[in-house]
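Common to both upcoming complexes is subunit A, partnered first by subunit B, then by subunit C.
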Partner chain A sequence: MIFLKRQFPLLICFAIGVAMALQYYVPTTLGQKLASQTSDWYIIITIFASFLGFGSVASVHWRKVNARRPGWGYSALVFVGIVLMLGAGIISEGKPTTERAHDEQGTELPPVDERDASGVLLKRTIATERIIPDLVSKEIVEETAAPPPPKTFKVLELVIEYAPDGRVTKATETKYSRSGAVLLKRDRDISKEGALLPLEGEPTSFGWMYQNMLNPLQSTMFAMLGFYIASAAFRSFRAKSFHSGLLLVTALVVLIGNVPFTNHIWSEWFGIHHLRGVRLEMPDIVGWLMNTPNTAARRGVGFGVALGIIATSLKIIFGIERAYLGGGD
Partner chain B sequence: MDAFFRRIVALDRRWIFLVLLVTLFAPIACPLNLSGLKASPGVSAMYNHVEGMKEGQTILVSFDFDPASAPELEPMAIGIMRHAFRKKLKVVAMGLWVTGLTLEKKIVEEAAAEAKAVYGVDYVNLGWKPGSVAVITGMGEDIYSTFPTDTKGSAVGTIPLMKDLRRLKDFDLVVSIAAGTPGIDTWIAYGADKYKFKIGGGTTAVQSPAMAVYLQAGQLVGLIPAMRGAAEYEFLLDRPGTGTKGVDAISLGHYLIVALILLGNLAWFVTRRNAAGVKA
Partner chain C sequence: MRLAATLLILAACAAAASAQESGALAPPLDLRIEDSGEDNGVGIDVTWRRMEYDAKATYTVLVALAKDGPWHEAAKEPGAGGVKADEPLPWWAWSSDLDTRLIRVTKRDSLAGPQPLLPEENPATKFRAKTPEYWWKVVVATEDGLRWESQPVQVTPTGNFFAWSKLNTFLYMGAFTGILVVYIGVARKRTLWIRRIAGLDAVDEAVGRATEMGKPVYYMTGRDTITTVSTVAATLILGEIAKKVAAYDTQLKVPHTDAIVMAVCQEITREAYISAGRPDAFREDSNFFVTDDQFGYTAAVDGMMVREKPAACFYMGYYYAESLLLAETGASTGAIQIAGTDADAQLPFFFTACDYTLIGEELYAAGAYLSKEPVLVGTLRGQDIGKAVLLFMILIGAVLTTLGQWGGLGMSSFVRSVVELFKAY
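Coming up: the complex of A and B.
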C-alpha cells in the first residue's frame, strides 16, 4: 500500500515530467503525439479537478453555515448562487440563447445576395434547412428501392434589406412548415441585438442570469477598485522618504502622461517638442519610463520567477519536493 | 489655514468617492472630446500589422477576459474584430476564460452581422475548453482534436473556413485580448515560442507594464493597452466607439487622482511641519 501511496505517484511524476521536458526540446513525431495525448489527459483531469474545487468550496462554506459563524448568510448565498447558476446552466445546456439550429431551425445555408449595377448590396436572403427525419427517408427507400439523396426542406428565411449607404432598413423573417406552407411572417426589430442572425433565439435562463446578474456584479466589483485606489492614493501615497518621493514623482508622470490631453497641453500650449535635439513629447517620457526602468525591473522579476519555477519543477520531478502528495500514511 | 489642511488629512473617503463618481460620469453624459489622442507605438504596430494582412488571410482572436474587465477590453475587442472583417480576413474566435464565453459570442456575432460576414465561411467561433495551457499546446498540435466541434455543434474539420487550419502555425496572426492569466503571456510561453506563429495582444492598464516586456523583445507584433489603447485603435480605424467615449472619463479620473495625491501630500507636509513647530 505504501508503494501505491508514495513510490507510484513519484514514479508517474518522474516519467511524465522527463517525457514532457524531452518532447519540448526534442521535436519528434512520437513526442508530438505524446504532447497531444497528454494535453487531452490534462483537459480531462482539469474537468475532474473542477469538481474537487467545487467540493472544497462547498465544504468550507457548509462548515461556516453549520456553525452559524459571523457572515454565515453570505456562505448560504454561495449555495443559492451555485444551485441557481448550475441549474440554469444544465437546463439551458450551457447556451446563452435558445439556439435551435440543428434540431428545430435547421442548418444555415450560404446567403443569396441581390446587388445593384454598381455592386452595392441591396438585399440578402439567409435560409435554414432541415433534413427530413430518417423515418421518412426509409419509407422513400422502400418505395423506390434506390437510396435517394437526403431530402431537405426550408425551415426559416430571413431577408435583410439594405439602404445604398449600407444601413439595414428591414429584416423580415418567414417560417415554413415541412410542406412549404408559411407558418409565420414578421418584421424583426432591427435595433435589437441578434436581429440579423437567422438562427438566434431568445435568451435562456442561463443567458439571462449571465447578462443581468453575473455581468453587472463582476463589473461593479472591478469598478469599485477604482474608488478604493483613489482613496488609498489620497491617504497613503506620501513622499515620506527619498525613495517614496521618487516613486511618487514617477507615478505622477506616468499618470498624467498617459492622458492624451496632457500631450496636447505639453506640445501645443507649451510648444515643447524637442530638448537639445532630443524628441521630448509626453509619450516619449512615459515611453522611456515604461520601456527602460519598468522593463528592466520586470525582466529581473521574470528571471527570478522562472528560475524558481525551474528549481521547484526539478525538485518535484526528482521526488525531493513531496508536499503535493499530502500528509499521513 | 492649518485647520483647513487638518480637515483635508482627515477627509471622509466618501467625499472622494463622490467626487470621483461625478468626474467619471460627467464626460460620459456630456462628451468633452478632449484632443491629443495619438496612437502609441504598440497600438500603431498592431494596427499596421492587421492592415498589412491580405484578404483571405487568417486571424485567431482569443477572448481571454470576463465581465469584470469587459468595460476596459471590450472596446479593443470590437475594434480588432471590425478591422479584421473590414480587411476581409478569415476570423476564428475562441476564449480561455469560461466566464467570457458569452461576451465573446456577443462581440463576434455583432461584428460579423455588421460586416455581413457569413458563419463558417468568414468566421467561426470555437468557444471554450478547460485547461488553458493544454488547450494552447493541443491547438499547436491539432486544432480538430482540441476543439472537435464549434459552438454551433458542427464538426470543426467540416467547416469550410477551417479546412486549411489544422494547427496554430497555420494562422497568419493570433491575437489575445487578455485581462490576466491565462492570457498573452500564456499564449507566448506555451504557444508562439514553441509553435512559431505571430501574436499580438490587448490588455488592461494593470497588465500592460508587464506585457511591455514582450513587445520590446519583439515577441508581440503589437500591444493595445487598456481603454486608451482601444481609443487609439478606434482613432486609427477612423471609427470612434466606446473606447473613445471612455477615454475622456479615464483622463479626468487620472487628473483627479493626481490632484488628490498632490493635495494629500501638501496637507500632510503642512500639518506635520506645524505639529513639529508646536512641539519645538
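Coming up: the complex of A and C.
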C-alpha cells in the first residue's frame, strides 16, 4: 500500500517528467505524439474532475440550505442556476447558436430557383446539409477504395418568395431533424436586416442565457476593475519619497502620453519633434519608458521565474519535493 | 544515416562539356539532395553553389515513387531564391553559407503527385504505412530556353532523434541540474544560509493574528491549472501554511477555481494537519470549489471576504485581471495580505494592495523557505548560483553586443556566434 501511495506516483512522475522534458529535443513524430497525447489525457482527467468540482459546490450549498444558515436562499439559487443552465445546455446540445450555413461539417447547397415562363424569379430555396457522422467514421475504418458519397441530411431550409417586381414577399425558415421531421417552421420578419441571409444561426436557449445573463455579470465585475485601479493608483502615486515621486512622474508621463490630445499639444503647440536629431514625439517617450526600463525590470523578474520553474520541476521530477502527493515523507 | 542518405550529384565534367555543346546548361556545382535535419521525416533539402545563370533560372524539384517515374513537381523556385544562411539555425547545427542556395521541400502536401511525402496515419490502426522509397531529380531551366536535368537519386526523408539546434539549452539544463544536485549534497552536510524574505517571515504574524481575532485565513492558489508550475508552487506553500494554521487552531478557507487543484490541495491540507498533530481539526470542506469562471470566482470570493472579514489573505500562484479585485477587497476588510506571483503584469496590483509581495522566483522559493528542509534549501542556493551565472552571462553579452554593434573591431560574426549560443531554437 505504501508503494502504491508513495513510490508508484513518484515513478510515474519521474517517467512522464523525463519523457516530456526530452520530447522537446526529439523532433520525430513520436515526440510530438507524446506531447499531444499527454495533453489529451489531461483533458480527459479534467472532465472527470469537473464532477469533483460539482460535488464540492453542491455539498457546500446543500449544507447551507439544509441548515437554513443566513443567506441560504442564495445557495438555493445556485441549484436553480445549475438546473437551468444544464437543462438549456443539454437541450441546445451545448451549442450557443442554431446551425449556421457555413459551419465545420455543414454544406450550403446551391440555391434552387423557381421562375415563371418569362424568367422572373418567384421562389428561391437555400438549404444546408450535414454529413451523418456515424457513416463517415465507418467508411474510414473500412477504407474502401472508392468510398461512396457520404450520406447527408437536410438541417435547415430557407425559402424566399418574390413578387413579380422583385420585392421579397415572404421568407420561411424550416429546421429538420435527422429523420427528416420538421422541428421548426416559421416566417422571418423580412423588414429586419439580414432576414434573407441564408440560415444564420440564432441564439439557442443556452446561448441566450450565456449572452444575456452570464456575459453582463462578467462584464460588470470586469468594469469594476476600472474603479479599483483608480483607487490603487491613488494610493501608489502618493509622492512620499524620492522613489515614489519617480514612480508618480513616470506613471503620469505614460498615462498622459497615451492620450492623443497630449501628443497634439506636444508636437503642435510646443512644436517639439526632435532633440539633437533624435525623434522625440510623445509616443516615443512613452515607447522608450515601456520598452527599455520597464522591459528590463520585467526580464529580470522573468529570469528568476524561469530558474524557479526549472528548479521546482526538477525537484518534482526527481522526487525531492513530494508534498503535492499529500504531505511530506 | 544522414550522410548515407546524402548523394552528391556532381555531373561528370565530360558529360557537362558535351551538354554545353548541345545547348544545355552547365550543371549546378555541389548539387545535393538530402534529408532535412531536425524534422519528423517530412522534408528534404536541395542545395547547390551559387551559379552565374541563377538570376534567370528556375529550379524545379521533381519526385517519384520509382526511378523511372512518373515524376511530380514537388517545388519550383527561382534560382535567385533563398540561401542556406536564411535558415534561422545556429552555427553548430547548420553551416550558414551565403553562397549556397537552398530549396526546402517540407510540406507533406507539397507534392502534386498521387501520394503525399509522408504516408498518412491510418485512423483505425493509428499506424503509418511504411515510408516508400522516393526518387528525386532537379531540373534547371533558364529564360533563354537552356535546360539541365540531374540524374534521379533516391533519398527517403527520415525523422531525426535529436534537434541539434537545441543542444545549447540541453547543456544549460544539464549544467543547472548539476548545480542543484551539488548544492543539495552540500545542504545535507551543513546548514546553508539563505537570505530573508520578509513576506514569508510575516506568515507567522498573519496566522497568529487570525488566531487572536478568531477570524479565518483565506488562501488562494491562483487561476491556473495544476499543469502550471506556479500553481504547484502555490499548493506546496499551502502545505506549510496549513501546518501553522493547524498548530494555531485557526480556520483555513481555500476557495478553488480548478477541481484538480482542489483535490490536490485537499490531500496536502489533510497531511499538513496530520503532521501538525491535529488531524481532528481538519475539515474536508476547508478546500472547496467555487466556479471555473474568472469573474464568477472573483465575485464569490469577494463576497465571502466582505461577509467574513478574514484576518489574513494569501494570494499565491498565477493571477489575471482578478488580482486587483481580490486584493483590494481583501485590503478593504483590514486583512493582512501576502501575495506571491510570477505574473509580472499583476505584480504592481499586489504591491499596491498587499502588505507583502513575493516577486517571481520568491514564489518558488517559499515552500523550501518555510519548510527549512535542508534538501529543499539546497535547491534554493542552487537557484541563486544559477541566477549569478545568468547575471554574469548578461554582462558578458552586453559587452560583446556593444562591441559587435560598434563594428570597428570586426567582431560582428564572432558576436553573432556568441549570441547564438544563448538563443533558444
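Everything below uses one rule, namely that the second predicted complex is superposed on the first by the 191 of 329 C-alpha atoms of A that agree within 3 Å, B and C clash if a C-alpha of one lies under 4 Å from a C-alpha of the other, contacts with A are read in each partner's own complex, and residues count from 1 in each chain.
Throughout what follows, contacts are C-beta pairs under 8 Å (C-beta built on N, C-alpha and C of every residue); 3 or more make two chains touch, one makes a residue touch a chain.
This is a predicted model, so every value here is computed, not measured.
Chemist: Contacts for A:Glu173 in the overlay, against subunit B (first) and subunit C (second): which applies, first, second, both or neither?
Modeler: neither
Chemist: Regarding the shared-chain residue A:Ala323, is it in contact with subunit B (first), subunit C (second), both, or neither?
Modeler: The answer is second: A:Ala323 touches subunit C but not subunit B.
Chemist: Report for A:Tyr42: first if it touches subunit B alone, second if subunit C alone, otherwise both or neither.
Modeler: Once the two structures are laid over each other on A, A:Tyr42 reaches both partners.
Chemist: First (subunit B), second (subunit C), both or neither: which does A:Gly53 touch?
Modeler: second
Chemist: On the A-aligned overlay, A:Arg235 touches which partner chain: subunit B = first, subunit C = second, or both, or neither?
Modeler: Once the two structures are laid over each other on A, A:Arg235 reaches both partners.
Chemist: Where does A:Asp284 make contact in the superposed view: on subunit B (first), on subunit C (second), on both, or on neither?
Modeler: A:Asp284 contacts neither subunit B nor subunit C.
Chemist: Check the residue A:Asn258 against both partner chains and state whether it touches subunit B (first), subunit C (second), both, or neither.
Modeler: The answer is first: A:Asn258 touches subunit B but not subunit C.
Chemist: Between subunit B and subunit C, whom does A:Thr312 touch in the aligned arrangement: first, second, both, or neither?
Modeler: The answer is second: A:Thr312 touches subunit C but not subunit B.
Chemist: So, does A:Gln32 touch the first partner subunit B, the second partner subunit C, both, or neither?
Modeler: Touch status of A:Gln32: both partners.
Chemist: Under the contact definition given at the top, report the residues of subunit A touching subunit B in one complex and subunit C in the other.
Modeler: Of subunit A, residues 24, 32, 42, 45-46, 50, 214, 217-218, 221-222, 229, 231, 233, 235, 298, 302 contact subunit B in one complex and subunit C in the other.
Chemist: In their shared complex, at which residues does subunit A touch subunit B?
Modeler: 24, 32, 35-36, 38-40, 42-43, 45-47, 50, 96, 99, 101-102, 108, 110-111, 121, 124, 193-194, 196-197, 199-200, 207, 210-211, 214-219, 221-223, 226-227, 229-231, 233-235, 237-239, 248, 251-252, 255-256, 258-265, 268, 283, 287, 290-291, 294-295, 298-299, 302
Chemist: Spell out the residues on subunit A that touch subunit C in their complex, using ranges where they run on.
Modeler: 21, 24-32, 42, 45-46, 49-54, 56-57, 59-60, 63, 71, 140-141, 143, 214, 217-218, 221-222, 224-225, 228-229, 231-233, 235-236, 298, 301-305, 307-316, 320-321, 323-328
Chemist: Would you pull the subunit B residues touching subunit A in the complex into a rising list?
Modeler: Those residues of subunit B that touch subunit A are 11, 13, 16-17, 20-21, 24, 34-38, 40-41, 66-71, 99, 101-103, 105-106, 109-110, 113, 116, 118-121, 129-131, 133-135, 137-138, 140-142, 145-146, 152-153, 194, 209-210, 212-213, 216, 228, 231, 247, 250-251, 253-258, 260-265, 268.
Chemist: Sort out for me which residues of subunit C touch subunit A in the complex.
Modeler: Going through subunit C, the ones touching subunit A are 38-41, 122-124, 128, 159-163, 166, 170, 173, 176-177, 180, 184, 225, 227, 229-230, 232-233, 235-236, 239, 256, 258-260, 262-264, 267-268, 270-272, 274-275, 285, 287-296, 298-299, 307, 321, 324-325, 328, 342, 344, 347-349, 351-353, 359-365, 367, 375-376, 379-380, 382-383, 386-387, 390.
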